[in-house]
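Structure in structure tokens, see below.
To keep things simple, chains are lettered A, B, C and D as they appear, and every chain counts its residues starting from 1.
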């Protein structure tokens, strides 16, 4: 299988795999800009799509899928693979968009059949039995970290030193089940687990602190025995540094599981969405608005490129 | 209604209530000794009773029911009352024992009909519809703090400055639902809530740290926005000081909800149980063992008295 | 007793979810013991948010923490309040089931849970659908289970609920459902309503199935079939009399529900009939015990044959 | 096909819970993909603890955190493992239902949940009883629900489960149940076993009800009544053929289960019969939709009439 990742692609492996590895931060930023535009396109073509969360998680997801995960579209069942679990399952469109870009699916298939019975591939929440590349079906919040505990045990049982990345929402952290997994993972030194909280300062209804208050989420993770790193989740350079700095998974010398609190804004990259995150938890875009939105994203991407 | 609280009773109110208030620490210690012996008696007469947890929670419960709660057996529905919720419901026998001592029930009723269909009053887990004085039926762990959030909202809505004490087990804190309530209570400044963790260093199977590890539970509470106090839960003087030092519930100047981490040993006061807490999560006592146990408790109580 | 109604043929839509929320907020204003609790659904710039700001101890949002939401509601009920707690159905009936089972049902406290996006109406797939809650609540002692069929009935139900001493689970669709009833009528929890009389076949429907069944009955009337439609708005306690009566009068029954056919209204009807020993033929329309594809009800209902034409087709086959 | 067995009249007791645990630990030793997970039930100084220490990634204890327990099991199944997760029934089937529904059933992963203290056998009251899980699991697509009747059948079931591709919920009593089967026999998930033939009446029983039904059948034989007993060890998928056959051959059916009579085996049997349109008389023995008092099964079973004499008495009345 060949991938269609465009000019930014830098396939570094020669073992027959089709892993895409974009090593340059500017190219990752460009890729994030492209993904944001495709998300906007989806929001127009489909309508009624979760969009604020996917946008804030875009940079992190791009850094992972195009570099740090070693995601191989041609070898999805590789037992040695790193795992990505989208615990905030309502952001499925973000993964579908990346998967289309990586050649797993055609764009039209995504944009024409999303959430339709006919297609039944791309649901509003990702289904592992329908979508290649999805590790586990999610949608009910607060399951991903527990699933990760199981995958991490499995990896360690087989002595596979792979990582399990879990993407969560800040609102999602209100679910108690997460904290069961957090205390368990620390207790069992499941240090292959990397919990990434896309702290975009909004749930479906509330700005951060308006209802449930997090005094300091990193401190809370630490109090349960985790390492916690705070990062500006809109700064690709910083994201890349954090993901590059993670200690290797070494079962002989286990460390702590790691939380990355990634500070973002819901709707990241599209100013009018950032200003009204509640309205853009789910949304749709008219044709005119789409054109305007492309320009906003391009300008945002250019600004981000200028910063590196 | 008159109470049969024995020589230690010091009814300080003259408004027709039957509140028992034992103000002297030595007398509270003696009362705790008496309750422990009655628990031992129950363990003999009934057999198959949860005993390790009730014993470790005895001092705290005595301090509350005989002093700080202002528990009034004749006025159980007083809307201004402080509330006690036994979140670790498997310790029901501890409350029944206290209720017998306070005259709500006869000893024989408890000891003859516990967990029988015939009696159907005193179940292995307390049922508010069967037992006078029980605020809410519990038994499934991890419900008490959430229930307390509701009671605290109700009190505040009516501007009743009463406290809601919740007794939890250290093992119980592994349930994620607790942490939902903990973040909610802090966020809403439900400072009438006092969470008391009877940290007796044992669940049903594991010594503290053997399976799930708590780096520092007080710190974890604080990271969620609570105040947390650590106390030696076997030192009546210390318990009394902590409970006396709680700031008043003042809705105009709300503080933080308060956690008391009460350090104890499962089976507290009975050495052979302390040494084998797993075996004495639930237990029964032969007649001979009961006599021996009385002596152990008396000696323990005497030691505690000598320390004050 | 069969009360007769003209049903609304206009297809006029009314938002059941919004109606419920609005009615409860009216109650909050009028009745000091009524509490409204949402689960990260308070939104902003709307009436719920205004009430949330105005009544900090009676209009609450538990955040994304449904277990705490349900137990907290129970805690308020312990002190004499009557909480209405509303969020997506699965997060109440499935996610928080231990809290429903123990703190509401076992403690027997008059909390009302309002599960939205009932059946496959969520459009968000099986994690946000609830095709299981009839079966679940049916097996839990002390629970009452209601599925109103239109927005107006939601109001009637809410009024009736004020005097009901036990916990209630109420399931409503996503919103914007066609109205079934045009005239006023008496509503009683546990009493089915015959919305259309008929002598050949009875459609026993609940929730969104009622409107669709009426459409089907109209179509079937054109074929000369006399089809009764019963609005079985209360799933538990089930109205045995209405079921037995339907068996006696028409002998042929089709149940219509947006729920798994295993354990739902159809199974409950079968149970009642077998226990009563009244002979009748029964056919169940519903979700055939599988996780449905993604899609909105417009698209999904015809797939499972519980739009009007689908029900009519099943009825024709059944009556051949 | 009715296979005939002599049933164990000795009343020999065998610990179903211990047998299951031991068998799974044997499997853990032999099969590298088998995982055992407890929920604060590992104990100390026993075989489970030894295995827990020996296999830190395959013999686990989730602590008192059942939601994490179930999802973690699903996570291992995602990687090809077959986890058996065991704790008190309500904490799996009720507390962790969102995890069961989504991570096991919707993801369709071969995790086996073993809910102990099934029915009212816990002795610890309604928070520790599970009289609801037949109804719950019946309504959830992809779930298989099993209730073995004795310790030996637990072993048979565990062997059969190794080839079953979907998630399974298995309910066992507290422990120390009398043996039903003495001889070896073929066990198949989803295939009921006729443990005693008869022509007047069929007792369709499950779990602890099977032994008690056999006792009743023996008593009734003395009265000259020919009573068949079916061991309906699989609640879902239900063996429709066996039920329909019972209706055809005896015409009279009594179901016996330690479960709420609403939504349990009896309701499922009613559902099958109504759908099949096979006439039969049906009576359900079980818990009459209420939270039972505290007490152990010895004391409680006679109250609800599902000890041997109670079943016999109901049968006599039913057949008058």
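We take it that contacts are C-beta pairs under 8 Å (C-beta built on N, C-alpha and C of every residue); 3 or more make two chains touch, one makes a residue touch a chain.
Note that the coordinates shown come from a computational prediction; the quantities given were computed from them, not determined experimentally.
If you average the Cα atoms per chain, which one ends up farthest from chain A?
B
Could you tell me the distance, in whole angstrom, between the mean C-alpha positions of chain B and chain D?
Centres of chain B and chain D (C-alpha means) sit 37 Å apart.
Averaging only over C-alpha atoms, locate the centres of chain A and chain B and give their separation in whole Å.
Going by mean C-alpha positions, chain A sits 45 Å from chain B.
From the C-alpha centre of chain C to that of chain D, how far is it in Å?
That pair's centroid distance is 31 Å.
Give, as an integer number of Å, the spacing between the C-alpha centres of chain D and chain A.
42
At least two other chains touched by the same residue of chain D: list those residues.
In chain D, 63, 65, 67-68, 90-91, 95, 98, 102, 106, 126-127 touch at least two other chains.
Please output the residue numbers of chain A that touch at least 2 other chains, ranges allowed.
137-140, 142, 174-177, 180, 183-184, 187, 211-212
Which of line, ring, star, complete and other names the graph you get from chains that touch?
Contact pattern: complete, every chain touching every other.
In the complex formed with chain D, which residues of chain C make contact?
90-91, 94-95, 97-98, 101-102, 105-106, 126-127, 131-132, 134-136, 138-142, 236, 259-260, 262-264, 266-271, 273-275, 277, 279-284, 289-291
Taking the complex as given, what residues does chain D use to touch chain B?
Those residues of chain D that touch chain B are 38, 40-44, 61, 63-65, 67-68, 90-91, 95, 123-128, 293-296, 299-300, 303.
For chain D, which residues are in contact with chain A within the complex?
Against chain A, chain D makes touches at 35, 56-58, 60, 62-63, 65, 67-68, 70-81, 83, 98-99, 102-103, 106-108.
Help me check something: in the complex, which residues belonging to chain A touch chain D?
By the definition above, chain A touches chain D via 79, 128-129, 135-140, 142-143, 146-158, 176-177, 180-181, 183-184, 187-188.
If we count contacts the way the header does, which residues on chain A are in touch with chain B in the complex?
Interface residues on chain A, with respect to chain B: 174-180, 183-184, 186-187, 211-216, 219-220, 222-225.
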